[in-house]
Every structure is written in structure tokens, then in C-alpha cells.
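Input: one structure, supplied below.
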Amino acid sequence: MDLTTRLRAWALARPRVLVVDPPGSDPLRWAVEEELDRRGWPRAAVPAGTDVLLVLGEPGPGLAAAVDVLWTQVPAPRHRARLLAGAEVAAALDAARAALLAGGDADRPDPEALLGSGEEDGDEDPGADDGSDEDADEPDGDHGGMDHGGMDHGGMEVAGLPMAQTGPDRDGLELDVLAVSLGPVLPAWPTGLVLRAEVQGDVVTGAELSWTDDPPQAADPDPQRLALDRLARLLEVAGWPAAARDARRARDGLGSADPDRVVAAGALAAALTRRVRRSRTLAWSLRGAGRPADEPGEGVLDLVRDWCAAATGDAPPPAGAPLDALAGRLEGAELGSARLLVAARAPAPVPVGADRG
Amino acid sequence: MIALLSLLGLAGALVVTLYGASRVLSAPVARVLPYESGMLPQQHAVSRYHARWYAVTILFLAFDMEMVFMYPWAVVVADMGATAVVEMFGFLLVLLVGVVYVWREGALRWT
Amino acid sequence: MGETATLADAWGAVPAALVVVAVALALGWAVTATDRAVLAGGGPVPGPGRDAARLLLEQRRTTPAPDRLLWRLGCAGVAVLALASWAVVPLGSRSLWSTSADLVWFNAAEAVLWAAVWLVGWGPNAFAALTGGYRFLAQGLAYELPLMFALITAGLAAGSLRTTDVVAAQAGLWFVVTMPVAFVVFLAAAAAFAFWGPFDAPAGTDVAGGVTSELSGVDRLLVSAGRAVFLGAAAAMAVALFLGGGAGPWLPGPVWQLVKTLAVVALLVRAGRRLPLLRPDRAVEVAWVVVIPVVLLQALVVAVLVLAGFYG
Amino acid sequence: MLTASTGWLLAAAAVLGVLSVASGVAVFVVDSMARATFALLGSFLAVAAVLLALDLAYLAVVTALMMTIEMAIMAVFMIAFMMNPAGLVPMSMVHNTRGSAVVGAGAFVVLTAGIWLVDWPVRRTAVPADPTRQLGEALMGSHMLVMLGIGVALFATILAGTLLATARGRYDRFGPDLTAHRPADPVRGGLAR
């Protein structure tokens, strides 16, 4: 038994952390990411690869509900932690690892029970999930998910879920239209943004964007650091992790109190943006992505260059697109291009009511 | 042959051992919902999936056939001399004309 | 070249297979460690061994209405195929198993991977995983033929599809000198079938890890280890096919082979991580219209050299 | 005539043959398109293993290679076009069972009779050291015409298949007189044009 304990301590010395950052918690997330990089703790992309689920700040009810769902998907050993603004990041991470090693917390609601409470939610209003009735920790003894709502969907349910509906396709076929959600918690995605999409294959045929919650009144962080952070996210989606790492490093360095580090970070930012701007491969891979055929310009690639300019402090960060306009452009885009567009247009959170009105 | 069977047997044994070790060391299998970024899934994902690149598959399958000839060809070029080279590359040239046609038709772009 | 003793003949089948598996895993470890070090850019990283232990301790997951059988087959398949591809990779001057179609065996192990990776994506009944699986097939349409032509080019110069014959045929001159295009294409295709680096679309960030997004515990271990072992096998194979295998002055053959293989791994990882993702919908057109004709031209050059008696 | 090794070989071939038939049957038993496709692949792989047991390494490996790729692509089309591809909703996937049973049984009888009635040739020469080389010599020598014929057939397949499969052709891309400088494609490809 002692051997197992030691094995656990050794194996989990660098746990994978899934960071959930509600809108407005950017500076806190930067501090956390810097500390994680310093320790060599990898960041998890999905619950399946997560050891520690770290929720920053105060998520609104919609995001909190999503975190509850994510928590049910994290395999044991697992630990869920909160980190409030102003708290000591290093101490919190140490405590999280200690709690992870201590184990416990194996309870997990049945998937059917979750679906049973979630379905009504999805039917009511796809745009807003107030989430108050899908608390994952309390299955409410509602195990009737299997036989619930079967007729509502006009189709048969298997394991609590209906099959996809068919719809016309651009090749004139009748293939399945699958309803999926992207966001609120997705790697390299503005946390809190939800894309309710209809997809045929990997093409988005219907898109609806919304925020899970009202935005907080957060102070604007330093625009250059923000631009570097967004650039890192964009490069992450473009599949260039090494460049994204440099962008994050420059971002962290610019926030440092040490003047030497700030200078080095400025140089790193300049070198990185030069590399990104000049990369023929990136230009080849992104050129024209996310751009309607009748529109001039290079689509996402132009935006990458704008973010590069902002990342060196030469220009203000590009403005985010209104959600409706962005959603319109996502329709017809391939999934990868859609992700790039969202990362590049980086919409800022606006009140929930405003973007639907 | 025995060597190959030993290798495959060992690989299989390794996989079984890892599953066994995992069974001993870890908690029982968790039943969870598929990941949809924190939202609940609305439908089963395994659906009639529209692959945008279906047109490429036809070109690929036809072109792929020629590997049946080309591997044995590679072995005998030195013995058979120039005719073998001329014949094989003539054959490939015909197929490459097909590739150019497909390219012009736009089938290499995933519309 | 006639009778070539295999490792199995020399050491007995099971010990030889054990050695090959050990080498395969060690090289896979080296690939992962190099990759993580390059990605972290100097920072600390979790070692692959520690990570494997972590994954063994981690719970496995299952989703509602998965295709459990196919999912399991896919995960195990990735790992088993990666090890199976090592059957024909020469260690020193001998491979574990030797037939008149070694190169085709390597190609086939990678081709069966099409099925395995797609199944890993199909199994969990989840959108991100499914999309990743389909992306792998789409990518396969682009890299499969260039890979095959690169393998054929090496076999063509040696006049044999036996890897040990290919190594022996490079006694005078490494093949990379006369077939640099085939060498580069081979390594790029290897990165593509291990869906690593710039060919990572099937497990890309934009689909939340794609085929790997629902994998935890030992399932994830098998798939990640399989990818790393495949990359290691490809590096070792590149050394055997293009860099003269164990040939080199002063040092004994196996040491040279190890040094060259690690150098290829380092080169591959460094070069691969310098590039952003090459999106499969872009890559497919380039692969067909540029890469395939260029590799065929390379094969033609080599064929003419063979006719001229250049390779002896 | 029967040596120990041929005994083993027969046993292996028999086991693999049964495996191949069994997974062939599974194709029609399972509900899921994915399972049906990969059951068929299992059948092909068993046949490849029989070839390998017969020491026909090249044919065996190339069978496995081609069939896997083809089955993977077939899975794509099966899943795109068939209802209920994962078999989650129970429904029967077979039609006209009686007719196909008759056809299947008839084919089985004819083929089995063929196996026993044909006067199979007996090997007179030694086993070749390298069957792959022999195959290459046959292809480049006596069977050259076959290869050229197949080349033309493949070319025709590429043309016809693409013509039938693509909704947008070159006239849609380059204009009615094919003069457009850049093709009008909804999605860009990898080449700058």
C-alpha cells in the first residue's frame, strides 16, 4: 500500500491543470500560467487529460454549471480547486497537488441523470443557459433520464440522447445535421463564449453565439500583454505551440517587476511577431481561411498580422466583432477556420441581454 | 515467421499487462458524458458524417493500385534494364495526367 | 543478396523480440522527451516515464453508447502496430524478421493505422474525437503515396525490398546523397502518420485534442506511446534506408546507428516544431500536384542511376 | 508428402480460413456500419495472414495494406450514406434474405466443386528464393500488357469517378471558356492559384 502511495506521489508530481478563467480574470490566469510554466506542470486541454480542475475568480451561474459538467468528466485521481483574485498562486497550486494526492472524491453522477436535467434546459433557449437546474453535484435522484422526453425530439433516444436529424446538404444530399456546442470551456477559446453550432461533417452550417453570463466590471489589463495573450491563443489554434509559448513568455515577462525581464520580453515579443509575420508556412496555411469568397483580403491572416502589431505595442488590439456578425461568418466555415475566426476576432463579453436583443 | 509471432505476441502481452496494471492501480471505469466544452451533448455524435474530401478518395484509390506493381518493379529494374523504367514511368505518366485532370476539375479542393 | 540471418536466428525468437520491444520503447521515450523539451523551450517538463505511471493510475472513462469493442481495438491497435513496424527495422545489420517485402511491411503497419486511428475517433461517440478520426483519413490521402514512393526509391536503388539489403547497398555511398527528396518526404510522411507536429490536425487544439480528447488512463497511454514509438521507428528506418544504417568510422555499427537515429529524432523534432499546423485541406492539393510528381522525379533519377550501374 | 511444417501450415491456414469466414459472416450480423466494415477488414486481414503462412510475404502484406486503406475509405462512405450508421437504433440491415441465401449457397457449391474438380498443377521447380522478384519479372516481362491495360483502366476510373463525383467542374471554376485566372472556389486549396 505504501508503495502505491509513493508511486502516486511520484507520478502526480506534475499534475495536469485545466484552468477555467471566467471573463475578466485574464491577469489572474496569466499569473497561474506563468507559475505552471515555471513548475513544468502541463495545462490540460480536456477533462479526460485533467488532474486538477482549477477555477479562477467568480464564475457566473452559467459558467459554474459548465464547470460542474466538466468536473463529472474528469477521471480520478482528481481535484477541484478555486483560486480567487489576490490569492497566493504558488500556495494554491501546492495545496491542490496535496489534495490530489490525498485522493477521495470519487462520486460521480450517472450520465443519464445529467441528461435528464439538462434536456429541458437545452429546449428552452439555446442561447442562454442559466444552469441553475443542472447542478452536477446534486443529481436530485432524477434517474428518469432514460425515458424522459423521448417524444419531444421526434426521434428515438438511446442512452438518454436522441440521434442527429437529417438536413439538406450543400451537395444536395440528405445527411445528418449534428447539434454541438463549442465553448464555454474549450482550449484556446474565450472562456464563457458558447457557440451552438449545427455541423455536417466538419462544416458549420448553423451558428449561434452567446455568453454564458453577464460580464464582470473588470479593469482593462495592459493592452500589449492582452494582445500577446490573444496572439498566443490564436497561434495555439493555428497549431503552432512553440510560437504560442513564446507569446505567453513575452506576456509574462512584460508583467514582471524586474526591468531586465521587461526589456527581454519586449525583445522576445518583437522577435516572435517578426517570425509570425514572415512565416510563409503560416501564411500558406491560413491565407483566405474564414473569408467569404467575395471578400477581399486574407481573412484570418490579416487579423494575425493586426494582433502581431498590437503585440509589439505598435497598434491598438483589433476590435472584437459583434456576436451576430461573427456567427454569420462562421456559417459555412470549416471547423478549423471557425475556431481561427473566433480566436482572431476575440469578441469581448457583453451583457447577455444585449447581444440577443 | 516465429519471430514475427513472438513480436506480435509480446506486443499483445504488453497491452494486456498495461490494462491489467491499470485495473489494479486505478479506480473503476468512469461513466461520463462526451466532452462538449462543458455543455451537455444534445445528440449522438456518431452520425452520417459528411466528409468534404470524398472526391479525392477516388483518385487515391485508383492511384493506390499502382503500388501493387511498383514495389515488385523496384526489385527488378537493374535486371530488366531500360524498358522496365520506360514502361513504369509511362504508366505513371498516364496516371499523372489523370491527377492533372482531377486538379483542374477542382476535386483536390474540399468544397 | 541471399541468406541474411535475422536477429531471431541469432538470439532466438523471444529474446530477440524482447530486445526489439525494449529498443522500440526506449526510442519512443527519447522521442517524447525530446519533443517535450523542445516544446517547453528550456523549462521543466514531466518526463515520459512519470507520465506513463500517471496514466496507469488514472481512471479510464466510457461515454454513453460508445462502440466499446472498436474503441478498444483502436487504442490497442495503435500501440501494437507501432511495435509491429519494428519487426523489419534493422538493429545493427540484422532485423528481427526479414522477408522479401520488408519495406511493404513497414508501409502496411502504417496503413493499418488508418483503421486504428479512425476507430479511436469513432469509438467514444463524441464529436471532437470523431472529427479527429476523419481528419486523420483526410491527411492519409495526402501523405500515403509520397511515403510509398519514398520507400520504393530506397528499394529501387538497393534492388531489394529487404531492409538489411538496403543497408548493405549503402556501403559505398549513403542513399541520402542521391535521394534527398525521398529522405525528407519519408520523414514528413512519418510525422503525418504519427499525427505529430505540423501534421497534428487529427489531434489538434482546434478540435480539443481530436482523437485523443476522450482518452484517459491506459487508453491514452497506449495511443500516445504508439505515436511516439511510430516516430522512433520512422527515425530508425530513415537511418537504415537513407543514412547507411550502422556505417561509420571508428565506432562500432550499433553505436553509429544509435547516434544517427537520435540525430534524426532531434532534427525531426526541431524542424517539426518550428512549423505551424499544415492544414490537411491545404496539404492535400500540394501533396498531389507538387510532392507526388517531385518524388516520382526522384524515383526516375534513381532508376536512371540504377541503369547506369551507379549503385554497383 | 506431408511434413511437419506443412502440417502446421495447414492447421494455421484452416484456423485463419475459419476466422476469415466468421468475420465475413459478422458483416451481415452486426447492426453498425462501422462494425460491418471492420469485420470485413478482419476477414481480409485473415486472408492476408493465410498468404503470409504460405510464405508469400509480398502478396500478404500488400493485401493487408490495400484492404485496410480501402476499408477505411469504405467506412467513410458507408457511414455517410447508410441510415443509423452506428447501429444504435435496432433495425435490420439485411434484405431479401431468401434470395441471397440461395445465391450464396449456389456460389459456395460451385466454388467448392471447382476446388475438387480442377486438376491443380504440381510444383516441379524449387521454391523461389524471392517471390517478390519473381512477381516483378512476370509483371515487367510476360504480363506487361496486363499492367498497361490496367493503367489505362485506372486512368479511365479516375476520370469517370471524378466526373461523376464532383458537382463543380472546371467550367464552374474557370468560367465557361476556361479563361479565369484564378479558380472560383468556395474553399482555397494549397496552391496559390
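Couple of notes before you dig in:
Just so it is clear, A, B, C and D label the chains in written order, and each chain counts residues from 1 on its own.
Everything below uses one rule, namely that a residue touches a chain if its C-beta (ideal position, glycine included) is under 8 Å from a C-beta of that chain, and two chains touch if they have at least 3 such contacts.
Note that the structure is a prediction, hence the values are computed from the model and not measured.
Ranked by number of C-beta pairs in contact, the top chain pair is B-C. Averaged Cα coordinates give subunit C a centre that lies 25 Å from the centre of subunit D. Once the centre of each chain is set as its mean CA position, subunit A and subunit B turn out to be 31 Å apart. The centroid of the Cα atoms in subunit B and the matching centroid in subunit D are 14 Å apart.
Counting partner chains per residue, subunit D has residues 34, 58, 62, 65-66, 69, 73, 76, 80, 86, 88, 130, 132-133, 167, 185-190 touching two or more of them. In subunit C, the residues touching two or more other chains are 56-61, 63-65, 67, 100-101, 104, 122, 125, 127-128, 134, 137, 144, 160-161, 208, 213-214, 216-217, 281-282, 284-285, 289. For subunit B, the set of residues touching two or more other chains reads 1, 25-27, 30-33, 35-37, 41, 44-52, 57, 59-60, 63-64, 67, 71, 74-76, 79, 88, 99, 102, 108-111. If you sketch which chains touch which, every chain touches every other chain without exception.
Touching subunit C in their complex are the following residues of subunit B: 1-12, 14-15, 18-19, 21-22, 25-37, 41, 44-46, 49, 51-53, 56-57, 59-60, 63-64, 67, 70-71, 74-79, 81-82, 85, 88-89, 92, 96, 99-100, 102-103, 108-110. Subunit D contributes residues 34, 52-53, 58, 62, 65-66, 69-70, 73, 76-77, 79-83, 85-86, 88, 130, 132-133, 135-137, 139-141, 144, 147-148, 150-152, 154-155, 157-159, 161-163, 165-170, 172-174, 183, 185-189 to its touches with subunit B in the complex. Of all residues in subunit A, those touching subunit B in their complex are 4, 7, 46-48, 63, 65-67, 69-70, 72-73, 75-77, 106, 108, 110-111, 114-115, 118-119, 121-122, 129, 134, 158, 161-166, 169-171, 173, 175-176, 178-186, 189, 194, 200-203, 334. Those residues of subunit C lying in contact with subunit A across their complex are 38-41, 43-46, 50-51, 53-54, 56-61, 63-65, 127-128, 131, 134-135, 198, 200-201, 204-209, 212-217, 220, 273-279, 281-282.
The residues of subunit A lying in touch with subunit C in their complex are 7-8, 10-15, 37-42, 45-46, 48-49, 51, 73, 75-77, 111-112, 115, 158-161, 178, 180, 186-188, 199, 201-202, 235-243, 245-246, 249, 279, 281-282, 284-285, 289, 334-336, 339-340.
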